[in-house]
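Two complexes are shown next, each including subunit A; its partner changes from subunit B in the first to subunit C in the second.
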Partner chain A sequence: MLRFFLIRALRAFMTIVLVVTFAFVVLRLSGDPALIIMGPEAPPDAIIAFRKAWGLDQPIWIQYLSYFGAILGGDLGISMRDGQSAISLVMDRIPATLQLTVPALILKLMIGIPSGVYAALHRDSAVDRGVMAGAVIGFTMPSFVFGLILVLLFSVTWGLLPSGGRDSWMHAILPIVTMSIGGAGILARFSRSAMIEILGQPYMRTASAKGLPWRRVIWEHAFPNAAIPIVTITGFMVGTLIAGAVVVESLFSWPGIGRLLVVSVSNRDLAVVQCILLMVAATMVISNFVVDILYGYLDPRLRNNQARH
Partner chain B sequence: MPLVEISNLGVAFSGVPVLHGINLTIEKGEAVGLVGESGCGKSVTWLAALGLLPGKASVSGSVKLGDEELVGSPREKLEHVRGGRIAMIFQDPSSSLNPVLRAGRQIAEAVSLHQGLSGATARAEAIRLMDLVGIPDAVRRFDNYPHEFSGGQNQRLMIAMALAGKPDLLIADEPTTALDATIQAQILDLLISLRQETGMAIVFISHDLGAVSQICERVCVMYAGRIVEQCSTEMLFRAPRHPYTRGLFDAIPRLDAGRERLIPIPGTVPQAGRMPAGCAFAPRCAHSSEVCHNQVPTLSGTDGWATACFHPLEEPGAPGPSAHILVEKVEFA
Partner chain C sequence: MVNFTRRSTLGLGAAAAGSLILPRFSIAQADQRPSITVAVQKISNSNTLDTLREQSNVGTRIFNSSLWETLIGTKWLSDLTATPGLATEWRRIDDKTLELKLRQGVKFHNGDEMTAEDVVFSFSKERMFGNTQPSTGKTIFVTEKNPLGRESKELPVEIPAVARRFWPALLGVEIVDKYTVRFVNGSSDVTMEGRLSAVASAIASRRAWDESKSYLDWARKPITTGPYKVAEFKPDTYLIYESHDQYWGGLPALKRIRFVEVPEVASRINGLLSGEYDLASDIPPDQIQGIEKNAGFEVLGGTITNHRLTVFDKTHPQLANPLVRRAFTHAIDRQAIVDSLWAGRTKVPAGLQWDFYADMLIKDWKVPEYNPELARKLLKDAGYKGDPIPYRLLNNYYTNQTPTAQVLVEMWNQVGLNVQIEMKENWQQILEKTPTRAVRDWSNSANFSDPVSSIVAQHGPNGQQQQVGEWTNEEMNTLSNFMETSTDRAKRREAFARMLQICERDDPAYTVLHQNAVFTAKSKKTKWKAAASFAMDFRAGNWG
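Here is the complex of A and B:
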């Protein structure tokens, strides 16, 4: 088991190193922060001074090493734009984002799993077809299209809900619904196919043959088996809690991480972008790790593999 | 009154009939074999009786358990019968137990359903049953998962689970097919001794005539959704009358037969949707005549011997392989 944890931790570390490196390279190659932040009209010596101040005049590999060394020392840098520390800029925005993504995740689970299971139990019925059609529409329609439709209906036409900002809980409703719909569709499809596969297994017949009531057959014998693919997808969704709201936050002017990311990228505010990417990578890695642990909890056959690693 | 009385039981999947009117009675404590090749309707008969077939199957006819009619009865009533009056074990024990639940818990679940026990008493009873079916060190192994047991042990666990409801009838649906020969013999011995101890009736579904001969007093041979021959095991092994049954015996390798070729039954089983007009076996039968191709023979006979054939074989002392030889085959295979 210790080996399992060590290997996982090493892999997690490598993933984060790769993400940080990739972000560093892409951002340095895609434009000069000095020009973008100072503006094209800035005098040449001011630009040179800016580059010198931020270490941009150094060769890229020295920049990389010093940046990497700073991260290892816990220093995520300072925003080139307003001089604040990048980490505090990001941290300030996290609550706003979680206000959207956590309720959205709960909504996805509450809509997606029951409707998928219900569709599986009533396979080929009108309800099944309806749920699946809804699911396909849900996850094929881009969230900005869906969000705009909601704004058009609830804000413009009926005037029930605000179309943007973060002044009250009312403002959160439309972005949360917009974000939930795709994930709910995906979860519904996965829950349905997982349940259908399990319902065909011989042990389901055993459970019925021993006289268990139908409801217990479904929830105690089928669902724990079907939970594995559902947990995989849910883990992925948990991984996107921090930065999964880029489009929706922009659409609804919600001051969260997503909007900070968009603004920082267009400003080439390197420290902030890298800080966000680091957080995203870390949540992804952590949620993957939790999913791996859960696999062993859900399926005893996988436990031995974990112990052996 | 018989324990179970099946009359004119028919099953159709999406409109295609697979079971064409089965009549079968099981007496209390009796052991009956259901023999036939895959797809002939052996298992479907009992899955239909217990309402375990998928929704696209339509069931007609009647299955009476004592006074209770099972066909078309509500789910709650069937749930009470399943496991409690009629228990069932299946062909592939390793995939018949839920892989993510502890084996002991699955047995305790049946115990609490049918004996009303819970908690520690249910656990103790489950451990007693595991012990009874020959799981070594049952106390410690209660918390193991099915994949931590061998195939034979899984079948023992299935049997323990079936015993939890103290059923009047155990349907053993090819319980030894997926197991190797020595384990097969152990499971058969276990079933025989459990039957002696509990007095429950057993329906033993198999395509292994040797296994059937060890357990059952009476045999029904099924072909393409019908019972074609029904008599005591001894009579069947002495001189099978239906040409299909005879063909089954001829296709069994014999210990004393040297290197002679086996005699196969020519042709294949007709598909469920394309049954011939007359006897389903007629196209493959060496004895068939005009009438066989036009009319369906009914199951009839005297002295506890029934055959569905217009031209039953009448050979007293016919050289069919004796039960003795078949038993040896099972033990030494």
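Here is the complex of A and C:
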């Protein structure tokens, strides 16, 4: 078991190093923060002074080493754009993003899994077709299109909900619904196909044949076995809790991590981008780790395999 | 002896209650001014409200006429000419010295009265110049009162550089008396009045600076004299101004202004139509018709002091011959661009100059005529063989940038120019000195009413185009120096005319495409006038 943890920890560390290095190289080679932050009409001497002050006049490998050294020392750097520490900027935005992504995740689970399971249990019925049609529309329609339609209906036409901003809980409704719909569609499809596959297994016939009530057959034999792909997908969704709202945050003027990421990337504000990437990578790694543990819980064969390692 | 009956006691009680209630009621009644919400694409690029740090159009919008004020003001709602601001009068002592009488009774947002000391501070090394020195001589520092905690207020490195661009030869500001100051320049400069009207020369409270814990604290809530004071600023999210009721220019029109950052155009428009926003700024021209289809809404605005240009790199082999660059300039049907992409709501200006230049305006100057035949002849004379000419392009950094580029490339192709668009992501990629740098886009502004603020600042020896090595011209550089130091207005005018001739005809550095314009959508019920600038004026008289 210790080996299992160590391998995953090492893998997580390497993932984070690769993410940090890749982001550094791409961001630094694709644009000069001085010129981008100060704009095309900035006096050339101001740009030179800015570059010197932030070490941008140094060779890129020196910049990388000093940056990486600082990260290892726990210093995630200062935002070139506004001179604040990157971590404080990021931490300031996380609550706003979680206010959207956590309810959206819950909504995805609450809509997606029951509807997928219900559709599987009523395969080829009108309900099944309706659920699947809704799911396909949900996950194929881009969130910015869906969001605009919702705004057009609920804000502009009916005046029921605000179209953007973060002034009250009412402002969160449209972005949460927009974010939920695609994920709910994906979960519905996965749940349906996983359940259909399990319902066709011989042990399901055995369970029915030995006289178990249908409800117990579904809840004790079918659902746990169908849960593995659902847990995998849910794990990915949990992993994107922090950075998964870029488009929706822009569309609804929601001041979260997604918008900070867009602004920071376009300004080549390296420290902030790296800080966000580290958070996202860490969330992904933790989420994957939890999913691995859940696999073992759901499937004894995997649990025994993990224990042997 | 006073007799208290039940009736009189009740009456007294009512009167007492009334005395408590009435003042509040009367205040409330007196302050029936509206609070509004303005949706903007961007509040501040630098996340500060410092005029020297935020050198952008979006800064102009939130600073000018609302927060920051200058000694010499600008008539924002008319012709942008100079008007008394925080100074009531000014006179030249000599070619290098300007004396100004300060307006008395002007209150900062912290209640302090503005005096000469605040003016000196606003042009000091602490606030502006850091350790830089003027181009001529050494800085005179007249007053150095015990700074409180200034050691933690190190200026961001770019501020002194920006400040020196605005005031390259300013030696210092002298206090004559509490309400009189003298600006002393190291060289003759007829543009001192103009420089004083630029927002970079705005006046800040010395005490507020001293009391701020850090530069960032100060720069996010500067204490100024403007009609509105900063109540709250959440970078990238919102900025709330509140009325500065002691404003010298009369009670501001609004109780509160809330600028909210709404990056998506569709979201700004939807928010306006649903009644969440009172004004929606940064409306692209192609959305105007759609908004105005709603009977209750209209789009205001128009040209601003910013021109869109196509810029040439004459070190590129295909552009070394000025005839080829001239062919570019004659192949453009500018009016067609204005009519088709801007719905006719901007104009083709008379070269790189603006009406508010007043006596420095070269009235008979025009952009090169649209003459495809002439363009073809010039290319033939230049011996151009159709070799490809790269055109580095950003995706709509400027309004309508990409469609304009596509139209331009077609127009150039019509006369035989083989121009090929290369999409770039940012300004470094645009300006990078490599063999593929040839043609690019730019825009030029005028910060004050003199050619020094534009053609000299942007295309002269210290301007970006020469600094990045795209273009240079010896005569232009001599004339730039002359423009900055001469006080003979007639000769300066001649020099400016010659500069236009060089930069736009003889040895084209750029060609002007059209004047830029900015549009704001609003309900027709809202009585508000847009300025001929990015600045949004909410002072008394411009709302309701």
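In this section, the second predicted complex is superposed on the first by the 307 of 309 C-alpha atoms of A that agree within 3 Å, B and C clash if a C-alpha of one lies under 4 Å from a C-alpha of the other, contacts with A are read in each partner's own complex, and residues count from 1 in each chain.
Keep this in mind: a contact is a pair of C-beta atoms (placed from the backbone, for glycine too) under 8 Å apart; a residue touches a chain by one contact, two chains touch by 3 or more.
Model, not experiment: these values are computed from the prediction.
J.: Clash or fit: how do subunit B and subunit C relate after the overlay on subunit A?
T.: Subunit B/subunit C on subunit A - fit side by side.
J.: Looking at the overlay, does A:Lys210 come into contact with subunit B only (first), subunit C only (second), both, or neither?
T.: first
J.: Would you check which partner chain A:Ile36 touches, where first means subunit B only, second means subunit C only, and both and neither mean what they say?
T.: After superposition on chain A, A:Ile36 lies in contact with subunit C alone.
J.: Quick check on the superposed pair: does A:Pro255 touch subunit B, subunit C, both, or neither? Answer first, second, both or neither.
T.: The answer is second: A:Pro255 touches subunit C but not subunit B.
J.: Tell me which partner A:Val156 touches in the superposition: subunit B (first), subunit C (second), both or neither.
T.: second
J.: So which one touches more of the residues on subunit A, subunit B or subunit C?
T.: C
J.: Contact-wise, after the overlay, does A:Arg81 reach subunit B, subunit C, both or neither (first, second, both, neither)?
T.: Second partner only, subunit C.
J.: For the overlay on chain A, what angle lies at subunit A between subunit B and subunit C, C-alpha centres, nearest 10°?
T.: Here the answer is 160 degrees.
J.: Under the stated touch criterion, which partner chain does A:Gln201 make contact with: subunit B (first), subunit C (second), both, or neither?
T.: In the superposition, A:Gln201 contacts subunit B only.
J.: If you've got the overlay open, could you tell me the nearest Cα approach between subunit B and subunit C in whole angstrom?
T.: 50
J.: With touch defined as at the start, can you tell me which subunit A residues reach subunit B in the complex?
T.: Residues 201-203, 205-214, 220-221, 224-225, 298-301 of subunit A touch subunit B in their complex.
J.: Which residues of subunit C touch subunit A once you look at their complex with the stated criterion?
T.: Its residues touching subunit A are 45-48, 55-56, 156-158, 160-162, 164-165, 215-216, 234-237, 260-264, 266-267, 270-271, 273-276, 425-431, 442-445, 458, 462, 464, 467-468.
J.: What part of subunit B is in contact with subunit A in the complex they form?
T.: Touching subunit A: residues 47, 50, 52, 75-76, 79-84, 87-88, 90, 92, 95-101, 109-110, 113-114, 145, 147, 158, 161-162, 164-165 of subunit B.
J.: Quick one: which bits of subunit A touch subunit C in the complex? Just the residue numbers, please.
T.: 30-32, 35-50, 52-53, 81-84, 148, 151-152, 155-156, 159, 162-166, 250-253, 255, 259-260, 262-263, 266, 268
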